[in-house]
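Structures given as structure tokens follow.
Both of the next two complexes hold subunit A, though its partner changes from subunit B to subunit C.
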Partner chain A sequence: MSSALSSPAWLQSLRQTARDRLESDGLPGRRDEAWKYTDVGRLEVMAYPLAERPGSPDLTAAPASGERTQLILVNGFLHSAPAQLPAGVSLTRLQDAQEVPALLGRLLPEQGKSFATMNSALFEDGLVLQIEAHTDLEHPIELISLGQADGPPVAFHPRLLLVMGKGARATLVERHAGQGQYFSNSVAELLLAEDSCLSHYVLQDEAMTAVHLALTALRQDRGSRYQAVLVQTGGRLSRHEMLPFLEGEGASFSIEGAYVARDQQHIDNTTFVVHRAPGCQSQQVFKGVLAEASRGVFQGSVLVERTAQKTNAHQLSKALLLSDRAEMDAKPELEIYADDVKCGHGATIGDIDENALFYLRARGIDDKTARQLLINAFVAEVVESIADDSVRAAFLAALAQHLSHLEATA
Partner chain B sequence: MSDGMDQVRTLADQKYKYGFVTDIEADVAPKGLNEDIVAFISAKKGEPDWLLAWRLKAYRLWLTQSEPTWGRLHHAPIDYQDSYYYSAPKRKDGPKSLDEVDPKLLETYEKLGVPLHERAILAGVAVDAVFDSVSVATTYKGKLEEMGVIFTSMSEAVAKHPELVRKYLGSVVPYADNYFATLNSAVFTDGSFVYVPPGVRCPMELSTYFRINAQNTGQFERTLIIADRGSYVSYLEGCTAPMRDENQLHAAVVELVALDDAEIKYSTVQNWYPGDENGKGGIYNFVTKRGACRGRASRISWTQVETGSAITWKYPSCILQGDDSVGEFYSVAITNNYQQADTGTKMIHLGRNTRSRIVSKGVSAGHADNTYRGLVRIMPKAERARNHTQCDSLLIGDQCGAHTTPYIESRNPTARLEHEATTSKISEDQLFYARQRGLSQEEAVALIVNGFCREVLQQLPMEFAVEAQKLLAISLEGSVG
Partner chain C sequence: MLEIKNLQATIDGKEILKGIDLVIPDGEVHAIMGPNGSGKSTLSYVLAGRDGYQVTGGSAHYRGQDLLALNTEERARLGVFLAFQYPVEIPGVTGINFLKTAVNAVRRSRGESELDAMQFLKLARKKAKELGVGEEMLRRAVNTGFSGGEKKRYEALQMALLEPSLLILDETDSGLDIDALKVVSEGVVALRSPKRAMLVITHYQRILDYIIPDRVHVLAGGKIVQSGSKELAQELERTGYAQFTGQAA
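Up next is the complex of A and B:
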């Protein structure tokens, strides 16, 4: 906590408020409805000590930056950033900001138990990325968060605030990876001003011994567009939570998620979409493959407030269970207070479609290959909507690598 | 839609047709709830010691429990001490035929459109009519007895068939199940008991009319239906209540047990007083209904048409224990004004090849909130289990809410689960299409709403379908049709 000493007064007070709240409200557990299926309370990770700034981190997990603007966090500390940022982009660390950045923390739940509060109390190098109005970034910004616990386990709390100016267009790639036993509890706040457009590609490929919690909260103003692809393959327990607020008329939100779990992995995808303005759209599709004794969770909630007429909201969760020890829990929820809406959800859980398998077998493809084809196609479809070729290839490779471990059970 | 809205408003202004009070001197226990009251109820009914002990065990547990708060429901706190827990119509030596039944009671049924004797004769329906808490008339008993079917009030069953009651009571909904079921276990006054012996197909639909009558009397019905091997029974339950300003608590428990190859069909039309157009009054309906498909290839089907009550908290469920057993849930829930409904089902798949089907239709108008809440759980041994769930919501007006909260849990890879839900208003296109065919706005809305609910309504037995339509007529769709 050495950095806390040198941090500005506003940050110290923000942390103090968060610490007080953490103490009074505590962290969510299984008895809290939103955490019914993902039990973090029983994990020992809460006792992990905060990570120190690593001396000489191992960066092998970070891909070459290519043309991307690459920011690397190691255990929550900013390790490297390009000396020259693209025009219209600025980067500051929160502790260097003399004033509290507008809207910091505004999207996060203001009361009750929350891991975001823990993040606010404990984050190290909080990043603020600003993209000026009408900037059109050609190449993605890539944020890599690496966890490194070579010795005893550690905890860290990455924090990002991204502010997109009016009409700005950008692609943000987020990667989470690492080695050893660690607990990563990240929070990202994204603000999309009018008519801005953000593509957000997240690859959660943490160490299989890690625990990963992430909350992405976003506010969308009028006519803004947000399109996310979220791939989760790593971590012994992980939960990615999306909390979009559609505040401006005609905003559109879309997320496509894929996850592959094996062994005793537990992967949770939770979204809570809040429609506040008329004429907005939200789309969610999550597809998962669960092998061995893994467990998948989908909680997708859509709240349509009275003001959000002409809302179009859909969500779909599909899961393949490949083992008799695997478990899938889905809770697609609709809470609707406006009448002129089209909302729907669907959820399916099952194994590989026998008809599809038969079709492939009839074409002379052996059982094992046929199953692999069907499983790969099932999840790979999600990644196809990534526009950037190199990013798509990297995500596909990560999926393929994890899928190859499933052969034994598939 | 503005015409459609007018229809809804017209409807909202309609007075509750069945709101009247019959003045019958009731045999009432003192107000409030304590161990003495529990003992009073038990003594009044001449119950055996084991049942009193069971009631007291429930009561003591209830004191330590707290009301569930997870439902999407808002209401003023319920004062459990401000209610009467026992009230029975006066009886001489117990009526042996319709002639002996208090004519005032019969008159009440007349007003309700349930001409007991006529209906029984014409429709061949045996009616175990529950007025307040005690059965006052049963018909067609002879015919049922001939076939070995036991269809009596719960009190009578306790007296005459204690071995069956003791074996099955609380075996599906244990006394510790939940706050309201525990309360019911402590203070239940009466209800129906049905036992269908092996291989018997019950020759008629069994029905009971519940009616809350005496002022400030909560209703705590307890129903137990057992279908022995290879038997079949269809049970109909329907209710209306007089108009009231004070909220009345209703916490019923229904337990169904289906053994090998047995089938139980349980249909409900619920039209209790929903409160007035400002949300004043109305019945609080906290019901625990659960069926156990214990035997292999057994089948339990719940059908409900919920149009009444200020608050509905009800989840008729199936525990599919036997291999190849089937559970079904068909529901229409209509809320208007300030009504709140939080209803759905639970399908727990334990056995192999178990199948379940859920069809839920919610219609919400006025300032009402309508929530479907359901659980489908596939346990590891439930090989090749199947579930299909469809829940649709229709919104009429921009001040109401429609919500869907399903929980879908699978722990078997050979199981297949499908869930679909939609929420929308009546589409302009559909209306336009119907209008274009020469239907009035009113007819068009009625047609569409009826079509929306049809899948469920057609599950109702014939006799009940008529009643259901009658009840819907004073509810939402009726006003536009």
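Up next is the complex of A and C:
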């Protein structure tokens, strides 16, 4: 409320447009193809009131920053940022920007029902991170979004715009955690200029009582490289959606995802890759473990436009079902309009490999430990791609913590 | 001592082992030779306790214990080691983690103290070097992307680390070139001791040039149809199995 009064005219108009659209189009529901498996329309979270700026937030869920540049959002409000940022990096809040930052909102769906519209209408401290051309950041930038709802439930809408200059190299770590009942609806827009290179590591470890929706939209120019590792373990219902546009020749996009769900948890990974330029690559691998009555969703679409010759696109979803009550919906899709491309997709849903289990047991390892080894290995493999040691260790620890719950209830 | 009496087993209701009698005293090496489909691999899996094999009669005791009453890991801890014909690739489980977990599980069951990471690494490196297993293979995922020869050397490394007292080698020679066969066989021979029994299952005689057996048995049609000294292996190499398959049918 307070920020809206002082915000610049362009922002007020952006919000108004979003509000109007939200009112006319509404939010997606089960009847919308893209939301068939993840029905949020009827969740009561949509009625949660917007969070107020928290007085004294509890930061115990935030890890020590180490050498990372750490930005902390609490219920969508910027709580802390280092006084000094690394050379070549600047941080602005959207409400402090006199002009509309280049391409803000341009990658988001321009019509129809969308949670991104809801975010545009309601975000508090939107962040703009700029990394100047040819900056090579030694340590990661870490954005932590904490949800805090000790009393009544709240909703908030974190927002980030990251602009990478030509040839810039950086690592962005994104962590979502919290406590209580809340609805987090985040949007990140990433702009990768020519030959820039971004490693993006996302850990969604929200409170088990939370609902988490996230959209990461990115535009990749010529020769840019994007490599993501996405781990989802938290939230009673969560969906992470990736929307990359490969606009420049020879750009490469890769995402490896791991998720662990139990109880009635619902975890959705949706990716829609748009190949527009020739010679680009896209790679998606998602691996999940589903226990008890949990449910996993993978939707991976690849659109190869006529202009995108020599495209190389692959997607793979592998799910391990540990219970008869668990459910997995995998929907890989390819839509190809160019004639000289290499595209592939696959999806497997299965049980623990009995041959591997017998092999381990034949070496004296008990059945329970052998199963744990195999389950851990199945998802931990994804996290091994994280180059930064401390980040990898933190992600592995989050996975291990959730996997240990499976063992206790198995 | 391993004592198998009239052992019978089926897979999916199909009779594979039709009454095996075999006694291997400690310190001896016995070879089982036979044509494809004679039940050689089934015998090794039944002894190791693999699911899906139904024992329908007879018994198998090792050191006085009823093997068939134990589960797979209990048999392994008792000292039974099956060297696989096709070692299983396990992506994501690093060799070091797997080997250390296995070694410590076996040590615990013997009432020995567990090895810590440093002690284990030192031991693993020493044994790996002796068997020509590269150190990078210890860091890689178990058997994943290994060549046939590497996989068999890795089996030999596991034997050396776990120090089993009953070795069952299931067609360890298959898929091995002469150099790899030599290294793996030497690893096995190094483990020969008066306290250790070995069962070498093979189709071909050549591995028995390196691991010299005390006794050779011919398995055909789910039964041991002939037993003899090591010369029997050479004779089979000349005459083939046709005489036995005819006899069994």
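Going forward, the second predicted complex is superposed on the first by the 407 of 410 C-alpha atoms of A that agree within 3 Å, B and C clash if a C-alpha of one lies under 4 Å from a C-alpha of the other, contacts with A are read in each partner's own complex, and residues count from 1 in each chain.
Operating definition for what follows: a contact is a pair of C-beta atoms (placed from the backbone, for glycine too) under 8 Å apart; a residue touches a chain by one contact, two chains touch by 3 or more.
Small disclaimer: the values here were computed from a predicted structure and weren't measured.
A.B. asks: Under the stated touch criterion, which partner chain does A:A362 make contact with: subunit B (first), subunit C (second), both, or neither?
C.D. replies: second
A.B. asks: In the superposed model, which partner reaches more residues of subunit A, subunit B or subunit C?
C.D. replies: Of subunit B and subunit C, the partner in contact with more residues of subunit A is B.
A.B. asks: Based on the superposed arrangement, let me know which partner A:A347 touches: subunit B (first), subunit C (second), both, or neither?
C.D. replies: A:A347: touches subunit B, not subunit C.
A.B. asks: In the overlaid three-chain picture, which partner chain does A:L373 touch, first (subunit B) or second (subunit C), both, or neither?
C.D. replies: The answer is second: A:L373 touches subunit C but not subunit B.
A.B. asks: Is A:E23 in contact with subunit B, with subunit C, with both, or with neither (first, second, both, neither)?
C.D. replies: So A:E23 meets neither subunit B nor subunit C here.
A.B. asks: For A:E381 in the superposed arrangement: first (subunit B), second (subunit C), both or neither?
C.D. replies: second
A.B. asks: What part of subunit A is shared between its subunit B contacts and its subunit C contacts?
C.D. replies: On subunit A, no residue contacts both subunit B in one structure and subunit C in the other.
A.B. asks: Under the stated contact criterion, what part of subunit A meets subunit B in this complex?
C.D. replies: Counting only subunit A, the residues touching subunit B are 33, 306, 309, 319, 321-351.
A.B. asks: Under the touch definition given earlier, write down the residues of subunit C that touch subunit A in their complex.
C.D. replies: 48-51, 71-73, 76-77, 81-82, 84, 87-93, 97-98, 101-102, 105-106, 109, 141-142, 158, 162
A.B. asks: If you look only at subunit B, which of its residues touch subunit A in the complex?
C.D. replies: 70, 72, 378, 380, 393, 395-425
A.B. asks: Which residues of subunit A touch subunit C in their complex?
C.D. replies: 353-356, 358-367, 369-370, 373-374, 376-378, 380-381
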